[in-house]
Every structure is written in C-alpha cells, then in structure tokens.
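Several structures are given next for inspection.
Presented sequentially are two complexes of chain A, the first with chain B as partner and the second with chain C.
Up next, the complex of A and B:
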C-alpha cells in the first residue's frame, strides 16, 4: 500500500539515473515505508519521553499556564525533603536484600535441578508458576498472608511454636516483607535462565576436575561458576536494574509506611507527581534514578558485548 | 534461536527418556555429580532424599500458596478469620467466585484487558515485524543508526520515564491529542518495543539470502516477500513475541494505573487492587483467582514457547 504509492515518485525522477541507483532509491523508500510505524511509535513513546524526562526536571509546570525554567530548584526541593534520604536507603536496602535472597537462591536451585533426573518438567513448571501470576495478584495474595491475625505466615510460625511477626505493620519487618513477595514472584525466570546456562557446560570439564580429585564444592567453584560467569554477571546487573525500580510492592502493600520505612525512590517519584502534583520534583527524582541505573546498564552493555564475542 | 532451543529441549527429553529406559542412573550428559557416584548405594540414597525434599519443598513454596488462594475463596468470611485456619474449606461453595464476578464487575475488566492485550498484539506485530524486516533485509540508509537508537532505549528502564511518558500520552506533542482513557495509550507504547525488534531482526538475519533473492528474481515486491517468504518461516519467533506481548499487557500495573484512570476502563489488575478494601475477604480472593486464570492458562498451553523465549531473551536481553 504505502510501498506502491511511494514507488511511483522516485522512479519517475530517477529515470535518467543508472538502474543501480534507481534500485537503491527504491529500496530505501520501501524500507522507510516499512519503518515509519516503528519510527512514529518510538519517537512519541520512547525517544521524546527520554528527552522530556531531562527537560522536566529543570522545569516547573502547572499544565494550565506556562512552563518555566527553574534551574536546579526541583533538585533542591526533593533533596531537602526529609524522606529523600530514606527513599534511597530503602531502595538500596531493598535491592541488596533482594540480591542476597533472589540472586543466590535461583542459582543454587538451578544447580540442584540440573542434577535431578526425575520430575524435571514438574519442578520447572512449578518454579515458574508465580512468574505467570499478574504481579498485582501476587502482591495482594501476600498482603493477605501477611495479616498478623489469621494470615498464613503467622499461622505457620505458630505451628512451629515460633514467635509471630507483625510483617507489614512494623517498620522493622515491612521492607523484608516486600523483599519476600518480590523474590517469590520473580525467582522462576532466573532459575530457568541459569538452568539453560548450566546445560551448556561440557561434561568433560567435570570429569577432568573429578580426576584431579576435586570434590563437589570445588567442582562448583572451579567449573560451574567460571563456566557461567558471564550469565551470572549479566543477571546480577539486570536484577539490580529491575529491583531498583521497585514500585508495585510499596504501592499496594504499605503505601510507603509504616513511618516511611518502605518509601522507595520510584514510589516517592510517583507521590511527587500524582499526590503533590509536582511533576518537576518527580522528574528530578526520575532523572537521578535514571543516571544511577544507566551506570549499571552501561556495565551490562559491556558485559553482554563481551559475551557475544 | 527459540525453535532451536525448543528442538534441543525435545531432543534432550527424548534422549533422557531413552537413557532412563536403559539405565536409570546413567544420564545423557555428565553433570556436577558423576554417574558413578550416583550409582553407588549411598549415592542413590542421597539422590532420592534430595529429590523428595526438593519436590516437597517446591510444592509447598510455589503451589501451596495457590492452593490456599483457590480454597480461600471457597471459605466464608467467618471461616477466613478463624485461628487456626482450616486446611480444607468446611462447606466449600463457589459464592466467593460468583460474588467476585458480580461485585468486582470482573466481566467488564477482563473484557477491557483482553481488548488492550489484543490490540497491543496486533500493533506490536504490525509495527515491529515490518521494522525488523526493513532493518534486516532492506538495509536502508541510516538503518544501523536507527537500530542503535532503538536498542539504546533498552538502557532506559521504563520506570524512570514514567512521568514524561504519562505527560506525552496526556497531550501528544504536535497533534495535541489526549490519549488518556483510550486503548491507544496501551497499544501504541506497547509497539515501541526495542527488544521485540531486536529478536525479530536477529531471526530475519538468519534467513538465507538465497530464499529472498529467488523471490526477488520472480518479481515479488518486498511486501510480498515479507508476507509469503519471511513470515511463514518465522513462526517460532512470532509466537514468542506474541505470547510475551499479550502476557506483558496482562501483567502490567503501573502504566494502566496511570493512563486509564476512568473506573470503567481499568484493567483487571488495577480494578481489583483499587476495589480490594471495599469487598469482603473471600470475594477479593475469588477475584484474585479469576484474574490469574488467563495467564496461568496461557502458561499451561504455551509452556515450551515461554521457556524457550525466556532463555533466548535472558541470554541477550
């Protein structure tokens, strides 16, 4: 359709050109006809918002009147906010805790699963099941489990004669509760990716290591880990980038409380924009988060390029 | 790539079955534990202990919460508040589900979500397939730059451009259209997916040039070649892209929360979470079950594609 129409014009103009040039022109016109949908979508919903994110953080907008340039005012506002430091600390702690559990555990699970010759399909299916739940469902489900009274978790603790916890209601346990649900619903993808990587390790390496007298743990240390080094590094960076954007857990479970114990940077950004209608402040927070995450992205890019080689 | 993984998986399973028939403890490829150790009496004991522990543990951690959810919706609010809770619902009835459907108006929200997912799928395929084909086979001027600019967006996590993206949808530059509360706010941004373009382009790159040249010699136009030559051989990657597009729209939360504020236009996730405090506990849980049925069904049906796509994405994404 587009192609047929656009073909006519350059062909007419290019009549005196060599057939080769004509073909090139025609190929380019067709190609851009095919590309225009993607170019429009990217321009509006990806490229322009990235530029606007930067602009937004230096502007003051009220959406009825004009937009003013305010220099670093927005940054000053959010940095002076007493919650600002809390939000970054919470985000960092959340990310570290999520890594401590959610990074090591899937790798360990993958190593064990790779050794099992039975129930492989079942175990793989089951570990990925929570990933397929809509995140809002998983989070609301855990909200019910965290109920200090009849909630599932305290009932299990009681069954084991352990002290019960206040989970989301106490500022000591609220953040770790968010980490738990986040880990539960994301564990599966990491596990399956590691499992795929483990299956590419040549068996001879294990054999050779064993002949050299390496025990199980040394085989993991000197064969498994070096052989999956790149994928481990890639997943580490991806997980940092993903968890630092944490929003839905505090939004649905705690609303940032108790006592701002679960306010994250992304959540604070949302609050600035939609609760305080200060898009400039939200934009400033977004830009800071973007710069931090781009640091990790840049490392990730280098690593994955190394992997491609 | 993905079909390779799928075939490899099939082969591996077939080989595994054969191996199991001949010797239970001699696996197809050597892994961490040597087949010899596994064959000893102690090895067998350890193996079976680990296997049973893992199966029980996984069932408890990943399946039991879902069991608790499905049966929770069958209990009365009174039974749900009981301490200690009952393992099986005393008089199980489906009124929790019925009420969830009625009180949460799930029919409407499931229809909404289906519409958003279907449109996003259509736009994503239409836009990303043509773009990837142009970049892979037509190789226009500046093609590499455009691809680079697209891939660069993968470095910007979606959360950090949430606010400017929202403002863009609210008042589209140049056109000054407001897309809030319209399906376009979901469909068009879904199509701006660099990862899909990357996956598709990589697949198209692997299609032999002779195939395309032959069609060209026969006088087929690029559109015709895309439709009759490229697409038929690209079914596996189209499947992966399709499944992930639909599932992502279904799972998404923040974006529909912002761009579809009208209560009548919400997605099922957003609707349930915003009505969560207004309904009895068993009704809410019933709603959670119903909302997760579609994605779980998709997982049951397309399990192999999803896992293949996951590793294809994980290795490079």
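Up next, the complex of A and C:
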C-alpha cells in the first residue's frame, strides 16, 4: 500500500522543499546574490587577467590569431636581458628603503599624534591630506620639488647654506628620491592605522609603566611595540607587497633612468608589454613577481589569521 | 564540492581564454575594384577630437563629401587625443576593438608588421592612383620587402628647432641658424649666458626618447644604428662617440644644457614655449604643439636643417589596416585614405579651407610626395594659403631633400631604451666614460637584436 502511494505521488510534490530548506534558502538568497556579483567582478577583473597573464607568459601572440606556445622562451628572454638583474636589485633596494623610511616614520608620527593633547584632529587631517591627492598629481608635484634648479628642496638646502643635490638626475640619489615620494604619498594611511592600533592599548599599561619609572622610550619598547606587534607585522607584509610593485613613481618621474637606476620589475614589465610589444616577456616578468609576492601574501594570511584568533 | 566548483570556474576561464587566443583569417584576395553596389562600413582611427573644432569640422565635411562620391561606403571615424596610446593599442587589438583603418607612428610600423598585426594590402594598392607619386622614402616605411601595409598621413625630417627671440637677445642672427654641431655649441653657450634660467640647448633622456634623439644626432653625424644585416648594432662608432662627446661638453664644460635632465618631449616644449630654451631637435609640427598646448607664438620659432646634415631621422604617422579587415573593407579604406590623406587640394591637404577656418598653414610638413610634380603642386597650394611666418622655416625648407632621410632602426624601442641609459648617464654624470657606456650599450643592443631575430 505504502509502495503504491509512493509511486503515484505527484512529481511536483516530490520536488517541494522542506520548510527548513526553504527557510535556509530564503535567508541566504540575498547573500548569494551579493556573492555572485562579487564573484563575477573578481572573475572578470582579477582572476581572468591573472590566468590570461600566466598563459601569456608561455605564449608568443600578436592578439589577432597567431598564438604559439613557446615554453620557457619568454622567461629566457627576460632573464637574458641585462636590465633584468638591475630591475630586481632596484626593486629590492626600493622595498628595503621604503621599509626603513616608510615603515618607521608613520609609526613614529602615530605615536606622537597619540601623545598629543591639543590639535590632534587638525594634525591627523594634515597627515592624511597627501592620501587625498591623486597619486599622479602627488608624483608630479615632487617633480618640481626635485628640480635641481628652482626646485623647492634645493632652494631649502641653499637657504641653509648646504650643498644642493641632483635628486632624480643622479643615479646615486634617484632611487631614494622615489622612496621619499612614495613615503609621503602613503604616510597618511599608515599613520591612521597605527594610530587606531595605539588607541586600543589600555591606558593602565602606560600608567603602570610610568609608576615603575619607565621613560618614553622604555614605554614604547615595552608597552607600545608588544601591544601593536601583530598590526606592525601585518603592515610590514602589506608594505612589502605594495612597494615591490612600485611603478608610478619611476614611470612619471624618471622613466627608469638615469642609467637604469630606477628601472623596477613592474616598470620593466610595462616596457616589455607596451613599448616592446612583447606581452609574453611582460607576462613572464609578471609571473615571477607574482610568485615572489605570493610568498609574502602567504605569510600575511598566516599572520592575519593569528591576529584574528 | 568546493574543488568541483573551482574546477568548473577554471575550465570556464580557460575556455574563454582559449577562445580569446583563437582568431580567424581575413577573407580571400578579391582584387577587383569595389563594386558600386557593395555596401561597406569602415571604422577609421584618428578622427580629430571634438576639442579640435576646426579639424573636426573639416573631417566631417570630408566624410560627407566622400560618401556623396561613394554612397555605398560609410566612414565611421573614431576620435582620440592623442591618436594612439601604446597602453591601449594591444588591448584594442586583443579585444577586437581596433579600427579597420588604424593610426600608427612610423616608429611602430615595423614592429606591427613583424608581429603580423597589419593586413597586407599589396593586392589592392594598385587602385590607389596617388601611391606611385609618394616619396619613395615615405613609401618604404609602410613596406616590408615587396609587400605594402599602409599609407602615410604626416611625415617630417628631424631638424633644429630654435627660439628666434632668444637668438636675437643673445646677439645671434635668427635668419642664420647653426649649421654644424660646433656652431650649435657656440650658440648654446651664448644663449645660456643670458641667465635667468635660460637653457641654450636641451636634449631628451627618458622614456626611450633619449635613444630616439641619439639616433637622430647619430644620423646627422653620418653614423648608423645597425649594420647592413640589421642584426648587429653599429652605434659604437666614432660618430656615436662624437654625439655623446658633444652633449658632454655642452652639459659639463659649457654648462649650456641646464641642470634638470631626464627630460621628455613635453618638458622641452614647455621650456621652449615659456621662452627658457634656445634650441632642441624636433620636427616642424612642434610649432603647432607649442602654440596649441603651451600658448607659444609662431613668430618666435624657427627651424633649420639638422646640424651636420649628413643624414636625419624621418618621422611621421599614417594608417595600417586591421588584419581581420575583409578585402571590401580594405578597398573602401584605401579609397578613403586616397581621398582624405594623399590627394593635393583635398582632405587634410586642403590648405585653403584650413586657412579659412583659421588653422595655421605654411609649416613645411607633411612632405608626402618629395620633389616630383605632385609634390610641387602640394607645396604651391600650401604656399598660396600660408598664414604663418613661413620665412622662419625657410632654412629647413630649402635644405629639405638634400639631407638624406633615414628610417628608424629595427627593434627601435628596445634600442632606444638601451641608449636612453647612455644619454642620461652623459647628462647626469660628469665623469661618464663614453667609451665604456657605448661598449655596454652595444652588448645590450646586440642581445636585443639577437633575441628578435
């Protein structure tokens, strides 16, 4: 009997979802909708270009039908390029200098801002102001600052009766000049993040340290740094990832010169792809840079997971 | 489950990629003239932007007139300023957005042809009546062996662009500009001696433009960028050393090149327009850029043939055809280009109309036809409508044709990138060792040429 009833049960009824499932679907449909939007955007604007770039690095293509797989030829081409090593060295030096300057300075400013009793809002605004400038504008502003003749920096040096510098026009100072621009442009964001982290440190810790006779530097050493250790680490990794991709500064200020002193990996990638119309070479460089950055990203993910815990 | 979804997504992405990599060939070679009943629509690059009111109006008039002559052809112009952007060129090709008739600089023509990114129009070029009248040197730019790929729009020979006002102020005769590099050096000294931040002579040294100008100067000294085979560099030569030594002397001994280096063309034009620069290497149309973009005045500028005059770099721009364009589109495109671009008195060469619309007429550019009868007619028409101080360009105009014009080297951008480094070293480092720089550059350039061959 039961069997017969089961056999004649209308098909529509068999497909009807249980109330629990329906509730779950109703609850999640909006979320899935948003997720789909995000997935489509990522697929088109991030994942597809990444996959395409990886494929390109193993191909020779003219984009109009003539595409050949060339194995590792593109990698050989870029590695054989004498500028290849310069580009990696410049990128590494830029990253190290950017960390030495761009990592310490915002943290120091954040500490000072945190200690201030007056004009905190105003100073925070002033520090954040450069972030609001479009990067190209900020970079071009520095082009004038660095002008060896009437440029602002040399005028200041002259006022102080100090020797002037050639800034971008010397292979000795060009890279550090780019680091200064980059630091200035990104100072505001870093400072605000550090400031937010500093404000989560309980005041009692400082009070206790003061009672124990700790001065400013000891308070920073034994309270501030341990309490912000994770955010410092996360910022360090993010900064490495961001600075290794440096492009706009050499592109707008030096064109990779003088004497290739500011050719970075990203700039060389641009040269290959857009000036030499060798997208395979550009892709190969991109893949190499991506692998290096993935390493740092993996560490970053691990650290941020630790922080979440 | 998650891995299955990922696999599906990856397959979809790879599928789309593979589809993107594929392509279809253009149709067969139907060389018969375009039938009057065959309806064709072509897209054409470099339509003047709306901000260039007069040029845009002229273009629209030309399209209307052309379509009256050929009612079966529709010309759809695509505007952009500048007409080509290296950052989007390949993306447009990859995305199928490239115009049927697309705009290019002479610098890029060889590379585009070598990459198979332009259609071979040899079977159809016979229908272009003006083609045999083109200056063979210009024609050569768009050829690879016997095959033809495009037609020119503008052409020029690089020369010495100078500030007549500063020449006068420095006690130099603006009607007798320097003829040799030694004279340039002397003039630069006098001009920079005016002080007030004035630079005597400026040179490009960034974004591959330093290499481009090095090539020009090298040609002017009688040197070559590559040997006859095109597989070995040839700039590490006495002529190459002379170019760099001259720059080094002007920069460090005479101090006549200013302190700011790593300049690109816009920097130099800004300096010239603001009256702070005496001379640089350039083309006649720099005058238009200085006036239109930097508020300069035509009467302040003059042009002389390249110092040394052993040779000069030919530059310019023109149109190539999309490799996916059908034979009918190519035929229609050629009809349009002949009408608009290379027929004296018509289209871009209608100087009377340009003058009527208040546009500058009289610059010695383009010179598409050389010294033949058509070229003479073109020059006469231009002279009849000239509204610029053409006398300022007379030294250049008089010498045109007597200075051998040379094309850009193969793998131009790679070689320019290598030489950028050399030029920037000489201009930024007092102790730059020219021999060493040239020897290093030669190794890099030879490697680049070997990779390409």
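Simple rule for what comes next: the second predicted complex is superposed on the first by the 269 of 309 C-alpha atoms of A that agree within 3 Å, B and C clash if a C-alpha of one lies under 4 Å from a C-alpha of the other, contacts with A are read in each partner's own complex, and residues count from 1 in each chain.
Everything below uses one rule, namely that contacts are C-beta pairs under 8 Å (C-beta built on N, C-alpha and C of every residue); 3 or more make two chains touch, one makes a residue touch a chain.
For clarity, every value in this text was computed on a predicted model and none was experimentally measured.
In the overlay built on the shared chain, the residue A:254 is in contact with chain C alone; chain B does not reach it. Residue contacts after overlaying the shared chain place A:266 against chain B, while chain C stays out of touching range.
Contacts of A:168 after superposition: chain C is touched, whereas chain B is not reached. In the superposition on chain A, A:52 makes contact with both chain B and chain C.
Contact comparison for chain A: of chain B and chain C, B touches the greater number of residues. In the overlay built on the shared chain, the residue A:301 is in contact with chain B alone; chain C does not reach it.
By the touch criterion defined above, A:81 reaches chain C but does not reach chain B.
By the touch criterion defined above, A:148 reaches chain C but does not reach chain B.
In the superposition on chain A, contact is made by A:275 with chain C only, not with chain B.
In the superposed pair of complexes, A:241 makes contact with chain B only, with no contact to chain C.
On chain A, the surface touched by chain B in one complex and the surface touched by chain C in the other have residues 47-48, 52, 149-150, 273-274, 279 in common. Looking at the complex, you find that chain A touches chain B at residues 1, 3-4, 27-28, 30-32, 34-35, 37-39, 41-42, 44-50, 52-53, 56, 111-120, 122-130, 132-137, 139-141, 144-145, 149-150, 152, 155, 158-159, 184, 189, 192-193, 196-199, 201, 203-204, 206-207, 210, 216, 219-220, 223-224, 231, 234-235, 238, 241-242, 244-245, 247-248, 251-252, 266, 269-270, 273-274, 279, 282-283, 286-287, 289-290, 293-294, 297-298, 301, 304, 307-308. Of all residues in chain B, those touching chain A in their complex are 5, 12, 16, 20, 24-25, 27, 29-34, 47, 50-51, 54-55, 58-59, 61-63, 65-66, 68-69, 72, 80-85, 123, 126-128, 130-131, 133-135, 138-141, 143, 146, 149-150, 153-169, 172-173, 188-189, 191-192, 194, 197, 221-223, 226, 247, 250-251, 253-254, 258, 268-270, 272-273, 276, 281, 284-285, 288, 291-292, 295-296, 298-299, 303, 306-307, 310-311, 314-317. Of all residues in chain C, only 9-10, 13-14, 16-17, 20-25, 86-87, 89-90, 93-94, 108, 111-112, 115-117, 197, 205-210, 258-262, 264, 322-324, 411, 413-414, 417, 420-421, 424-425, 427-429, 443-444, 447-448, 451 touch chain A in the complex they form. The touching residues of chain A, counted against chain C in their complex, run 43, 47-48, 51-52, 55, 59, 61-67, 77, 80-83, 147-150, 166, 168-171, 253-260, 271, 273-277, 279.
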